[in-house]
Structures are given as C-alpha cells and as structure tokens.
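Presented below is the structure to which this report refers.
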Amino acid sequence: MSLQGVERTRIEVLLDAPLVPELVRLLDKHGIHGHTVMPTLSGHGASGSWDDDLITSAQHKVTLFSVAEPARAEAFLNDLRPLLDSYGLLVMIGTVNVLRPEKFS
Amino acid sequence: METLLSPVVLFFVLGAMAALVRSDLAVPEAIGKGISIYLMAAIGLKGGVEVAEAGFTMDLLIAAVAGIGLSFALPVPVFFILRGLGALTPVNAAAVAAHYGSVSVVTFVTGLEILARQEIPAAAYMVAVLAMMETPAIITGLLLAQRYGVAGSRPARELMHETLTNGSVVLLIGSFAVGLLIGKEGFIPIAPVFDGAFRGVLCLFLLDMGLVAAKRLKDGRSLTPRLIGLAIAIALANGTLGVLLGGLLGLDAGTAAALGILAGSASYIAVPAAMRLALPQADPGLYLGMSLAVTFPFNILVGIPIYIWLAQRIAS
Amino acid sequence: METLLSPVVLFFVLGAMAALVRSDLAVPEAIGKGISIYLMAAIGLKGGVEVAEAGFTMDLLIAAVAGIGLSFALPVPVFFILRGLGALTPVNAAAVAAHYGSVSVVTFVTGLEILARQEIPAAAYMVAVLAMMETPAIITGLLLAQRYGVAGSRPARELMHETLTNGSVVLLIGSFAVGLLIGKEGFIPIAPVFDGAFRGVLCLFLLDMGLVAAKRLKDGRSLTPRLIGLAIAIALANGTLGVLLGGLLGLDAGTAAALGILAGSASYIAVPAAMRLALPQADPGLYLGMSLAVTFPFNILVGIPIYIWLAQRIAS
Amino acid sequence: METLLSPVVLFFVLGAMAALVRSDLAVPEAIGKGISIYLMAAIGLKGGVEVAEAGFTMDLLIAAVAGIGLSFALPVPVFFILRGLGALTPVNAAAVAAHYGSVSVVTFVTGLEILARQEIPAAAYMVAVLAMMETPAIITGLLLAQRYGVAGSRPARELMHETLTNGSVVLLIGSFAVGLLIGKEGFIPIAPVFDGAFRGVLCLFLLDMGLVAAKRLKDGRSLTPRLIGLAIAIALANGTLGVLLGGLLGLDAGTAAALGILAGSASYIAVPAAMRLALPQADPGLYLGMSLAVTFPFNILVGIPIYIWLAQRIAS
Amino acid sequence: MSLQGVERTRIEVLLDAPLVPELVRLLDKHGIHGHTVMPTLSGHGASGSWDDDLITSAQHKVTLFSVAEPARAEAFLNDLRPLLDSYGLLVMIGTVNVLRPEKFS
Amino acid sequence: MSLQGVERTRIEVLLDAPLVPELVRLLDKHGIHGHTVMPTLSGHGASGSWDDDLITSAQHKVTLFSVAEPARAEAFLNDLRPLLDSYGLLVMIGTVNVLRPEKFS
C-alpha cells in the first residue's frame, strides 16, 4: 500500500528525563535538529518496574522521538550504540512518511 | 515515642502501610512536585525572615563552614565503606557516597517540626546551611569516581553549572533572600500560606513520601540485606558525627541536632538527578533505594529522635 | 433554598453551567485528584479527632452495623428494579446496583456542610461509617452478576484484596486512625489546612465536579430518559430508607440525615474502578452516567435537603 | 522601590533569575493551571462580595462602559503602530493588537496587591470590569485582520461563542455572581482559602510566571529589539490612556490606577488561545513573546508603579 | 514478516491544542470518526524550542493520532496539505494492523 | 530502505487504566516481560467522546506498548482477541527495529 509523502526514519527512545539534553546534543551533532519529548506513566522490564513519581526526577522516564533523513539517523544510531547499556535506553526505529520532507533533512 | 505521635510522622507511616498492602492510593506526580516546591519556598522564606530579625551571627558562619565541610568530606569514608563492606563497584560506591554527603530537605523539615514540638528550636540560619550542603558532596563523589578510573560523561564546567543551578538550591537560597528582604513585616500577609499551612501540607507530602519509599523498598531489586544495613549504619554514623561537630563548635542543642540531621540524611532529589547525568553507568535503583527507601524512613522514624537525644546530652 | 445559597453548592452550579455553555473551563486532572485526596484525609482526620474526644459509643456501633447492612442489602432491590423497569442486562444491572449500594464521599461531605450550616450536626463517627459502606456493595453486585450467569473476569481473592485496599478506603480509615491517635491537641498545628481550608477547597472541588457531571450528561449516550428517572427514584428511595432506619435505631436527626445521605448517594470512584475490572462487559457510560451525571447533582441540589427535612421530622 | 519589596514581585524576580541562570526549576503545568483557576475564583468572589456590600453604583456602570470601550478601541491605534513602526504583516499586527486591547488577570491582581499595600484601594467592581475587558479586543483584532484581507479561519458565530465562553471569562463572572449571592456572611467560612491564602498563593504563581516569561525572552526568536521597545511603549501609552480616562470620568485614584493597569496590560491566556484558532497564520512566538515576555514583566516591575503614581497626581 | 490483522493507515499529527477541534472537524468531513489525543512535554524545531507551560494554552502542543481506511486517509491528507504551514503541523503517516478493521472504516 | 537493528513486533493498546494489570498478566503469560504505559488526553470513537478526568479512573484511558518477538506477539494477540469487545480495546500492531534484540525475546 503506497502512502503519501516521503519516507523518513523515525527514531523513538525511552530514557530517563535527565538524559534528554545529552541525547539532543547527540542528535544535533549529526545534523538532526528536531525532536519531541512525550511523558510516560509506568513500565516494566529486566531491571524491574517503575512508576512515575516526580519526587525524584532521576528515574522519571520520557520518550523522545525524532524524524530524520535515513543517512543521518544511521550515523546517529551508530554513535548511540555504546550508550545503550549505561543509559538503559530503549530504542525503536521505524519508517514514517512525512508531508514536508525538507523539514526533516 | 512522643515523636511517633506527630501527625507528620503518622502520615508517613500511613503512606508506607498503604503501599505495603498494595493499595492503589497514589498522589499525582504534579501534586508531589508542587508541594515540594512549596515546602522549599516556605522554609527558605521563614529562615530568611528569622535571620533578618536575628541578624548575621558568628554562629551562622561557623555552622555554614561546618556544613559545607561535612558535605565535602563525608562521601570519602562512605565511599570506602561501600567499596569494602558493600562490595560495590567504584562508580556505584561514588554515586551512593555523594548522596550521603548531601542532604534531604524533607528529613530536615521533619526534624525541625519535631524539634519545635519538643521546644528545642534550631537556629533559623540552618536553612541556609541546608542549601549550602546540597551540592559539595556531588563534587567529591565525581572526584572519587574519576580517581578510580570512571570517566564522568560530561565536561566538568557544565556539571558545575547544573549542580549549582539545581532547582532546589536556587529555590531555597532565592526564597531565603526574599525572606531577608521582606522581613517580619512583609511576611505577615503571606504567613497564612507559608507558615500557617506549613505543617498540614507537610503531612500530605509525607503521605506521598511513605507511598514512594515503601513501593521502592518492595520492588527494589538492587537492595541486599547488607546494603540495607549499611544504609542505616552510614546514616547513624554521619548523623552522630554532625551532632558531635555541632557540639564541639558550641552550637546550641537544637542547632547541633539540626546539623546532625543534615549530616545523617541522604539526598533523593538533587543528587540522583546529577548522578544519573554525570555517572550514567551507576545503578539508580541502588542509590535511590538506599537513600529513599532505607535511610529516609530510618531517619524519620528512628534517626531524628536519636540525633536530638544525643544533641541534648552533649550540647550545653 | 437556603441550601442552594451555600457557596459549595453555588460553585457546583457554576461548574455545571460552564460545561453546559460548552466553555473550555477545565480543572487539570492532577488537581482534581489531589483535592480529593486532601478532602478524604481531612474528613478522616476530623472524624478521628472528634471520636477521640467523644469516645466510642454504642451509637457508633449501631450506625456502623446499619451502614454496612445497607451497603450489602441495597443493591438487591436496585438490581431487580433496573432489570424490570430499566430493562438492563443482568451484568449492567449488577454493576449499576453496586454503585447505589456504595457511597459518594463528596455527597457526604457536602451534606455535612449543609447540616453544619443548619446547626444539625451529624455524629463524628459517621466518617467511619462512610468508609465502611464503600465496599460491601461491590460484593453484592458481583454475587448478583454471578447468580445471573455472568462470570466475573477475576479470581475472588484478588478482587477482595483490590476493593479492601482501594485508595479511598485506606485513606479514610488511615487518617481516621491518625485523628484518633493525635487527638485535639495534636490536631491544632495542622488545623489551618485540614479544618480552616476545608470549605474553600471543597468549593473548588465542586466546581470541578459540576464540570465533569454536566459534560457527562451532555454526551452521555447510554442515558435514556427512563434511566435518568430511575437514577433519581433509586436515590430518593435509598435515601429515605437510610433516614428511616437511622430514626428507627434512635440516631439523632443530624446523624440519621447523614445515614440517609450515604444510603442515597452513589459511588463514582471506588466502585466504577472495581466494576471496570471485575465486570468489563458492563457499560461504564451507563453506571458512571447514572451515578455521576444524574444521582450526584440530584443529591447535591435536591436530595440532601429532602433527607435532612425528613430526618428532622422523624428523629426526636 | 517600595513596590519592588513586595514578596509577590520578589518571587517574580526570583523565578525570572532562575530561568536566566538556566536552572532546572520548573512548576508543573497542572499546578500553574490550578493556581490560576484559584486566583480567578478568588478575585471574582471577593469582588462580588464587596459589590454586594457597596451595592451597584453609577461609578460601576461608568467604569464598565469605559473598560469595554477601551478594549474595543485600543487595538486600532496599536495595529497601525505595529504596521508602521513594527513593520508587521497585517495578520501579525492584528493578532498582537488584540492582545493589547485585552487584559492580563495576574497583572491586575498584582496591581491590586500593590494598591492595597499603599492604601489606595481600587473599587471592588473593577473585577467585573476586568472580566468585561477580556474579549471585545478579540473582535476588533479580527475585524482589522479581515479589513486587511486576512480571512479568519472560522465562522464568526463559533468564534463569538468560543471567546464569550472562554474559561477565564466564565470563571471570573461566575464567581463574581457567587460572591454577590453569598455576601459577606456566606464568605466567612471560605475566607481562609479565598482571602487568607490569596497573597501567598499569588507569590507561588508569580514565581512560575517569572520562570515562564524569562524562558520565553531567552529563546524568543520572533522578538527584535524594536518589537521589545514597542511592547513597552504600547503598554505605557495604553496604561496612561486608561488612567487619564479614569480621572476624566471622576473615578477615585485607586480605581483610575486599576483602569490604567487593565488598559496597559496585555492578555496571555484568553487572546492567544483565540488567535491561534482564528488567525493560525499569525506567529504565536510573536504575540506571546511581546505580551508575556516583555509587557508582563515591564508592568509588574515598572508599569504598575507609574500608573499608580500618575493616578494619584490626576485623580482628586 | 506478516502481522495479524488488517492494514490501516495511521496518521499522527503534532499540533497546538487549540487547533484540535479544527483537525477533528476535518477528519469527520472525510468520514474518519475516531481519534485519540496524547500529551507532550517539550520539543525543538526550526521555529525554536517549546516547553509545556499551561499558563497559556496557545502553544500547548499535543499529538493526535487517527487510524483510518487508506482511501479516506488519502483524501484527508490532501485537504490537510494547505494548512501545514499556517498551522505549523508535524504530520507522520504510517501503516498499522488492526484487529477489528470494521471499526476503522 | 533498510533500517539498523532487528525486527520486532510492536503492539500498542489503548485501554482503560484499571485494565492494565490484566493486560500485563496476559503479556507475562506469553513470555513478554516488558511494557511501557503512556498517558492520553481525550478521544472520540463509536462509543462517544471521552475526556481525561481523574475524578474517576474507571474510564481513564492510557496506551500500553510492548515490543516483542513476533511469534510471542502472535500468540498473545490470539489470546487477546476475545477480550477486544468487552474491554473496548484499540489494538495497533506494527514492526519496529530494535538495537538490543536480546532484550525483546
């Protein structure tokens, strides 16, 4: 089924709020200058359960998604790999179509 | 015992019990954050107003130096204890140590409440000391990590900036300054909120803290019995050290007790956020578990009374 | 009339009108949740403190038994009325019936306010009765559903646990216990928040309730005129029953009225959450529409005055 | 100077400074929204209660007509200034103009506080005037846009409805009505929340406003030095006009000052939301930057004292 | 890899909260009668950074997603194009499988 | 366009908050031990409109997403089907690439 628009790579990362600036810095480094951060409520994984209590923001998780030109996304992800374990990131990569491709160089 | 009947403490127990019976009771995160902003603004204001009355004294300077010193120094012994008895990796030991050098605002506030109940008031300037003790420990913690070959993930300058402009530090010092400027006169119209409502709101916050702490204790995978023991022992040791130092420096009983409470408490707001960023390899479940799920409840229920009792013996 | 001029009721009307003119006025959900936690903690505390003064009386025991009895029993007739006149499916009838056997905290609190305004205070222990009446109806509702071939989706044990540890139950009983422990003395320092601020905060909460209830009424697809009529009739019948029972048991006018208000009110917090989980096939639009969008406003504006009037006639 | 030492203003400065040093201090959005609902309910109530005492006077009518007139008229000159000196496109000029014709609730409330501190109280009915001034400017703004060939994106009728049922308008007028109905008597039980707590809560809100305004100023791309200058000049001009008109109409100094504060203030709640919807082509960064990041702080720190000073000169 | 269910088009739009009713009206116009709105926390793009302060809802951003029958989605997107710039929309188009296709006509 | 990482099935479910524990139990039953819950604001569908009022959590909707090994996802979805109507679930199934596949067995 063919969709409207132009294909771009959508990277979605679940991470602890204090790490967002780090990730944004890394995105910028690869010329990806757009992102959006969204809230989460709770979750469960290998390292146990978490629940959103803002009393301490250290483990306050958020998701950050960024739509980028595939090549840039590729480069960014290569740089991200080493951080996955220490930062405890969940990374999801997919393809979306966007209507104004020029905005997502 | 007397302490345990303070409504503040009882609400903490209620929250903890609710979490232990797996009740779905929960305080919305925005409310918890809002209340903690209110609490910091309120104690900052009250401290400033009272210091505006009392004026800057030599004691203030002494207590400030002592507090900053403790915050810088305490992480070192804690680090080695955690390495030795706790068998923690250098990075985890350094991260946890930073928490114990720093302070817990709510533990301090609860301590003040209990001191007030027992009519052994602490000096107003201790609020300023509280603010000054929050960050030095972070620096020591990071130096320890580096010393043991753990490269911090970020440039020191940025880190410095982030810790010094940490929300709680800015709010405490800022509202302390506002208090100094407005004085008793200017405080009157806002007293119903920042003074009258204080104890009641604190009850609601400790209800929340009880829920959060107990939940962490329940599914805290990183916590071993040994680490729980250390979390208590370190609190007691630091607290005692703080009280003794206070007495040595000739602070009155209430103020020495407050210094002990600060030394014995562990940060769970400023430091965890800083460590998550500076030492991402460190396990948050570990340092939050120890400070929030063990040391905090211990201090509220047992530690504070002990530090006060000790302070009354030695001071005077 | 007099009742309608209470600020609490007026703010409810204001909220409802705002929703009816499709205003974008909205209270953030976290605020609504936070306020309801405050309200439950406050009435729990005040009830406990007053009972600590008055001591446990025979009346308390009588009222408690009566309340629990009503909560268990009321769903049965309601169920058959809904099956017959309402033509509801067994599962929907059972779910709705459980709501009417249980109680609404805010309806109760508003009732206490109005009783206080008219100087016919209800006994303090009614707060405990409120807490005890929340859950029995859930059990009856589920038994009715089973009896009519609807398999609940979860093991009874889990369900028992979930309803008994429901946040509002734990908070009401817990703060009631705290009130008992601290007594009048210990309540003084926190009175500005839990007593002084109570009526004002209640106004803001009812503003929110007005918005929510009216919004539901507007786009409540599941509500037919007939069901709206039943939601009112059932409230009146249960309320009257509660008052009569209270009078029969020799409770004073205020206390009998309170029992009537509890019986006539319908849950919109504890029970809906439990039903969504236990009887997922039941239509939430239906039971929330009836309890929140019809019965709640009816009781606030009309029901409460009627129950009070009735109680004054029969009691004494 | 005296003004700058009011805790309300100091907390605004504290918030702004926190944002300027890039502190991570932040008030949860739900708290900010909740507080602003509280503030509007409180001033509405108090205004209504006082008018219930004083009764409807000729002055009230005069001030109301003057306020509505200003809200309708002010956007026109502002529009041409922005087109000429500001070199804005018609749609942006129209959108910004609407903001300056309308009013800022918090600027007004802060002004009342400062007037009270200086014992030059404004008439209670000005709260009603505040509510009436919020929306007319929106209509003028849209007419200007149309006049210059910008088709509004929505049918006029819907727009009318949306602006008239805007949450803040409904809440202000609604709680004003509640105040009228309950009177001084009925206000007493809720006074601790809506009167006693008012100044303290306002401090916390201005802390938030300081953070938000300064953040905007920092990364406000749409703001040029020239536009910043215009945002200040327009505020001063409108404010002066308001005061003069008030004096001309024989209002007392406090009330004339209040009219000036309303005229000089710019909306950042009702109008932006309406403009985003009605003129989506207009740049929100532009109108929010000018009203929230420039005019608001200017009025709090400089404008209000000037309008008051002016009012004292001319009135009487 | 074949997934369960039937393919539908998922349209996700990031927009300012006040514009949601407009977008819903447009969806309805094309016979798309279902949508869900989700909150966001912050973001960055060509027009700078934003942060969620409810003090003014004018720039309070939310995401709206709607799962629709491809042809309807196509028609809707064509109508949406002219608004992209003035409304400052971020539009992501993708394909998801749904289990009850009849609900997403 | 080939993406980095390994393909996994992403299941996203919109459901009433009180039902989350049920769903998690079902995920566990199929050996899917990770999930994340996110908040929502409002929505509209066949059964009308809803709006987030925490006054009653019974209809407080959230989305839960879980990234799982395709076969497990398949089995989970088969078990989920009978509950769709009674629970009023909205289920979206897609494919994402993940960087640490071992975490999503």
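Each chain carries a letter (A, B, C, D, E and F) given by its place in the written order, and its residues are counted from 1.
Rule of thumb we're sticking to: a contact is a pair of C-beta atoms (placed from the backbone, for glycine too) under 8 Å apart; a residue touches a chain by one contact, two chains touch by 3 or more.
These numbers come from a predicted model, not from an experiment.
When the partners of chain B are compared with those of chain D, the chains appearing in both lists are C. Number of steps on the shortest path from chain B to chain F, with steps defined by chain touch: 2.
Summary of the copy comparison: rotating chain A onto chain F for the best CA superposition needs 120 degrees, to the nearest 5. Two copies of one chain, chain B and chain C, touch each other, and the residues they use overlap weakly: the shared fraction of interface numbers falls below half. Chain centres were defined as the mean of their Cα atoms; on that basis the chain farthest from chain C turns out to be A.
Taking each chain's centre as the mean of its CA atoms, B is the chain most distant from chain E. With centres set at the average Cα position, the gap from chain C to chain E is 39 Å.
Annotation: 19 Å between the Cα-based centres of chain A and chain E.
Taking the mean of the C-alpha atoms as each chain's centre, chain A and chain B sit 34 Å apart. Mean C-alpha positions place chain D and chain F at a centre distance of 45 Å. In chain B, the residues that touch at least two other chains are 28-31, 33, 192, 196-197, 273. Of all residues in chain F, those that touch two or more other chains are 38-39, 54, 94-95.
Every pair of chains that touch is listed here: A-B, A-E, A-F, B-C, B-D, C-D, C-F, D-E, E-F.
Interface residues of chain B facing chain D in the complex, by the touch rule stated above, are 28-31, 33-34, 37-38, 41, 45, 161-162, 165-167, 170-171, 174-175, 177-178, 181-182, 186-187, 189-194, 196-197, 273. Contacts from chain E toward chain A in the complex involve residues 7, 9, 12, 14, 38-46, 61, 63, 70, 74, 77-78, 80-81, 84, 90-95. Chain D meets chain B in the complex at residues 5-7, 10-11, 14, 17-18, 21-31, 192, 196-197, 199-201, 203-204, 207. Here chain C touches chain F in the complex through residues 29-30, 32-33, 36, 153-154, 208-209, 212, 215, 219-221, 268-269, 272-277, 280-281, 284-285, 288, 292, going by the rule given at the top.
Those residues of chain E lying in contact with chain F across their complex are 1, 3-5, 10, 24, 33-39, 62, 67, 94-100, 103.
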